[in-house]
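As structure tokens, here come the structures.
The following pair of complexes shares a single chain, subunit A, combined with subunit B in the former and subunit C in the latter.
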Partner chain A sequence: MKDTEIIERTQGLLGGRVLAIANPSGRRIFLTVAPGELPGVVRALRDGLGFTHLVTISGVDKGDVFEILYHFANAHACLSVRTEIPRSEPRIPTLTSIIPGAILYEREIQEMFGIVVEGIPDPRRLLISDDWPAENFPLRKDWKFTRPEETIPGGRL
Partner chain B sequence: MLKRLARWSRIKSPWILHLNSGACNACDIEIVAALTPRFDLERLGVLLKATPRHADVIICTGPVTRQVKDRLIRIYEQVPDPKFVVAVGACAMSGCVYRGAYNIEGGIDQVIPVDAYVPGCPARPDAILDGVVKLLGKL
Partner chain C sequence: MKVQIPIGPQHPALKEPISLRMTVDGEVITDADLRLGYNHRGVEKLAEEKTFIQNIYLTERICGICSHSHATTFVQGTERLMEIEAPKRGQYIRYLVSELERIHSHLLWLGVAGHEAGFDSFFMYTWRDREIVMDLLEMISGNRVHYAINTVGGVRRDLDDTQITKILEGMVTLRKRSEYYLMIGANEPTFTARLANVGYLSKEDAIALCAVGPTSRASDVTRDVRKDDPYGVYAEVPFEVCTSDLCDVLGRTVVRIKELLQSYNMIEFLLKNLPPGPVNVRAPRRAKPGEVVSLYEAPRGENIHYIKSNGTDKPERLKVRAPTLANYAATIKMLKKGFIADIPLIFAAIDPCICCAERTVELVDTRSGEERIVRFSDLRRAAEVRYKNVTRKGNAVWPL
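Here is the complex of A and B:
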């Protein structure tokens, strides 16, 4: 399947739900959708075009908005679904009913960016330590980390 | 007399505990390599133990992560006295590339006292062997 064919079929499947579509390099396609449309779009891509493999979910802190990218792959191309959510109300719907493996990425997104994934079956922390203070999201750009004071054993420099 | 016997037995059979507190596994592979017949650490009486309660020497690799900090202290406290800690690798010495990350406390010596440092990324098996032997020479 060529890139142009995938783009055509995507547009046919999704119609007006696609806000923008880009093909910056070979076998690489970027879709932009509204956050509310995500589950429907992902279900259509999975059933219609065979994008069954969710590679990862990545988040970008762009100041006023968070950009969330869902990277999918099938045998022919990588397709990334972009969506932007406001920083003041960071909520995205869960994909676990469509792709069960998405739960690990969604849990990580929750603890690293402080984004609330609505409808996630298991909202526990994934990677961050148990004693981590609440409301501290290490991948947000405005979060600053001060290194704990290091002691030199023996007191020598 | 008893003191000399205890010292002799300590030097002749340092049982070790291999502990990874957040390393990338490279140092662990080198430690496992050091235990193979090629380097034959067992001729010095070194024996790998599965529990801290049987060990005399903790061989620590990796930086101390925030999650493992309390567990590391707990394991250290389980080792019977006298106990010794060998920090293997650059991360165990200072935190190395992970130093200053939000989930890293620093090197092993920020949490528990360290007796010997073995530099390297990863440290060679001969260097680890040398570190353990130097530690035994201190006794």
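Here is the complex of A and C:
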């Protein structure tokens, strides 16, 4: 299947839900949708175009908004579904009911960007430690690492 | 009686230490839970503060076995962002090292599988052969592990005729040895019987849980990035995607042995058709604002880097997903309904790293709260004793 054919079929399948679609290089398609439409779009892409394999979920901090990209791949192309959510209310719906393999990526994005994944079956922390301070999201651009002051039990000699 | 077994988490030498908590009922695992992050180094955050050139060496250090995979994925993406292309000879050398790395990784895995299955002579034979390919890599790049051969715009070292002859000689030896291993599999029924029916993962589950690499191909999913998304030279190199419909650890072994033989062919093709010319081009320091998705088939499976640039000499965002993370969800599925004695084998079969091989396992009896510490080697011994008397897998056949 050629890229143009995938784009045509995606537009036919999703209709008005496609906000933008781009094809910057061969076998790479970037599709933009509204965050609320995600489950429906992903289900349509899975059933209609065979994008069953979720490669990963990337997040980008763009200041006022977070950009979330769901990278899908099949034998014909790599399709990235892009959505933007406001920083003041970072919420995305879960995809685990459609693609069970999404769970680890959703847990990761939840703790790294402080995004709430609504309906996630397992919201526990995955990567950062249990004693990590709350409201510290390492991959946000305004988060800077400062080494905590060293405390030696019993005091320095 | 329900017992919880925490496995892991920490070992300083491992690239991905992991904590697995198994709930077992007698011998059978009823539930498995996962906790990661014991070696989270913040590479993605760090990459935002380093230049593209510095990031090659940073990404190379993500993994100690498939170091070339991450560096190549990053370099491929960066080259596309900078709108340059490596010269043909440079690309051939780059993917030659990729295939050599696949050979060393698969031989390492075969050794680990033999060890976990209680077949230690197999382990020693494959690791002896792995030295051949490690020496070749050292000869090409100067390093045994972090080859540092990639640069933006090509590779850093050229090959000469004596090196090419030596690599070809090494491939002859390795092919002979690999064919001998195929024969061992056919003539050693205990080995086959130990691997068959362990860690079952159906095709539907492999697709739904987004498994990658040999783990998914052993469940009959024909997915190989080299074929689906032919990057670099893979559109020109003839090879077959190796699959198996056995869906168990035996299938994963078979897939990897078949891939070894494919890699020998590919290396011979690459060397015999090595084009003349320069090995790299000069690359700019900055990349235009843009984004790129770079996919790569690492020895363990599909590797992805998502790179976003903002016009400076540093990336705005670098997202890395290594293949082992993608296989964890599938591993949990494989472990369920398995036996405690199979944990080392199932876990090793996704090739997470050699990690859990020498790990202390703590058995906690939930009823009495009594704890006992069991070394992994004791667990393996228990597994060997158990499988010596087993009859149900006696008719498993080596499928090669």
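Please note the rule applied: the second predicted complex is superposed on the first by the 147 of 157 C-alpha atoms of A that agree within 3 Å, B and C clash if a C-alpha of one lies under 4 Å from a C-alpha of the other, contacts with A are read in each partner's own complex, and residues count from 1 in each chain.
Going forward, contacts are C-beta pairs under 8 Å (C-beta built on N, C-alpha and C of every residue); 3 or more make two chains touch, one makes a residue touch a chain.
Keep in mind it's a predicted model, so treat the numbers as computed, not measured.
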item: First (subunit B), second (subunit C), both or neither touched by A:P153; value: first
item: Touched partner set for A:L54, first subunit B, second subunit C, both or neither; value: second
item: Touching partner for A:S129 - first (subunit B), second (subunit C), both, neither; value: both
item: Subunit B versus subunit C as contact partner of A:F145, first or second or both or neither; value: both
item: More subunit A residues in contact - subunit B or subunit C; value: C
item: Touching partner for A:I103 - first (subunit B), second (subunit C), both, neither; value: second
item: Touching both subunit B and subunit C, residues of subunit A; value: 128-129, 138, 145
item: For the subunit A and subunit C complex, residues of the former touching the latter; value: 24-25, 27-28, 30, 52-56, 58-61, 69, 71, 73-76, 78, 80, 99-105, 125-129, 138-139, 145
item: Residues of subunit A touching subunit B in the complex; value: 128-132, 138, 145, 147-148, 150-151, 153
item: Subunit B to subunit A touching residues, read off their complex; value: 65-67, 99-103, 105-106, 109-110, 113-114
item: Complex contact set, residues of subunit C against subunit A; value: 34-37, 40, 42, 44-45, 80, 207-211, 222-223, 225, 227-229, 290-293, 295, 302, 304, 306, 308, 316-317, 319, 321, 325-326, 328-330
